[in-house]
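By letter and in written order, the chains are A, B and C; residue numbering begins at 1 in each of them.
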Amino acid sequence: MEWLKSQITVETRGKGLYPFTDQVIEHIRKWGIQEGMCFLFIQHTSASLLISESYDRTARIDLEEFMERVAPESQSWHQHTLEGSDDSPSHMKAMLTDTDLTIPINNQKLSLGTWQGLYVFEHRKRGHNRQILIRCLKIK
Amino acid sequence: MEWLKSQITVETRGKGLYPFTDQVIEHIRKWGIQEGMCFLFIQHTSASLLISESYDRTARIDLEEFMERVAPESQSWHQHTLEGSDDSPSHMKAMLTDTDLTIPINNQKLSLGTWQGLYVFEHRKRGHNRQILIRCLKIK
Amino acid sequence: MEWLKSQITVETRGKGLYPFTDQVIEHIRKWGIQEGMCFLFIQHTSASLLISESYDRTARIDLEEFMERVAPESQSWHQHTLEGSDDSPSHMKAMLTDTDLTIPINNQKLSLGTWQGLYVFEHRKRGHNRQILIRCLKIK
């Protein structure tokens, strides 16, 4: 067994889903992993990780709109407003999605289902450079 | 350390929670794992994984009803409707629950709490065969 | 590679977020882990785990209030009410957050981002002793 590690940066341009499946696949290829486990961890509380539908763009538009409706900005009961009206909702949206993902590697491939893709979900209005730690346990 | 892998299929009959704890326990028993880690990954975006209350059926009925209320079908703002009114809500529900689960194995047993059970959460109206990858790291 | 394991108890005093980052860091220090992976698992269905903003207390107050609004008590459609009006909502809130967390250890430190902290999210009105299993894979 071997342990491999690196970091991926995803540059966002405000709220929405940003695909980064290819960056993960490139690490697995470069490291020559045939069989193992891939661990992803995003080091933020106002952006998160998500595995979701990668085929039809409208599926992602609906997910983004859904999140705005579940945790809208500018509610009278929000107390955490010093950094803007999108700050507190960004933590709510991050809470409802993922900070870490754990995905098997099988036959030299990330074992995603046919329609699954990896996304950074940016919850702030402004763009950010989001840091994702990647760790792989290489069995062979 | 040893690496063990297999695949579990859970047949669903439309929306709802389907228990599969026993299928995971059977793998751990068969592989003779005393101590280690169990990794589960569902290869779908319209069904998900959940660890929840396994004792009282009414707890699960409430969870299913809750999800219908949080992400109802047939909203005017839904754009991803080509495959039916349950398609976009199915991705929303999957987003709010889990794609992967990581559970310790201790004393030859999956370390679930007293009331915890493993479920596939089917979010589509029609039944499906849902594929779950199981990976175990056997320490001893 | 080495496998280390223990259990952390977090005593809660009713609904809310309870920090336990320090207890995890103490285990990593005690075990002398420079590089590896930390796995956390909470053995409950009415309390959950969360990585969230650790700096400003108002961020956590908003998250707690948000959860009360997403899954309020005493709804007419709740069937699982035998153990009190907070029982069924506690499973809903646990469903929306995390049962397990997987966090890299890097340079002898838990690789949390600047503002990330670990919390037990208690969803019941009464206090409880919540059990969290900690497992670490020590690479070096």
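Criterion: a contact is a pair of C-beta atoms (placed from the backbone, for glycine too) under 8 Å apart; a residue touches a chain by one contact, two chains touch by 3 or more.
These figures come from a predicted structure and were not determined experimentally.
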{"item": "Shortest chain-hopping distance from chain A out to chain C", "value": "1"}
{"item": "Interface numbering overlap (same over half, different under half) for chain A and chain B", "value": "different"}
{"item": "Distance from the mean Cα position of chain B to that of chain A, given in whole angstrom", "value": "20"}
{"item": "Where chain B touches two or more other chains at once, by residue number", "value": "1, 70, 96, 102, 137"}
{"item": "For the chain B and chain A complex, residues of the former touching the latter", "value": "1, 3, 5, 39, 41-46, 70-71, 77-80, 82, 87-88, 91-92, 94-96, 99-100, 102, 131, 133, 135, 137"}
{"item": "In the complex, chain A residues that touch chain B", "value": "1, 35-37, 50-53, 56, 58-59, 61-63, 65-66, 70, 96-98, 101-104, 106, 111-116, 137, 139"}
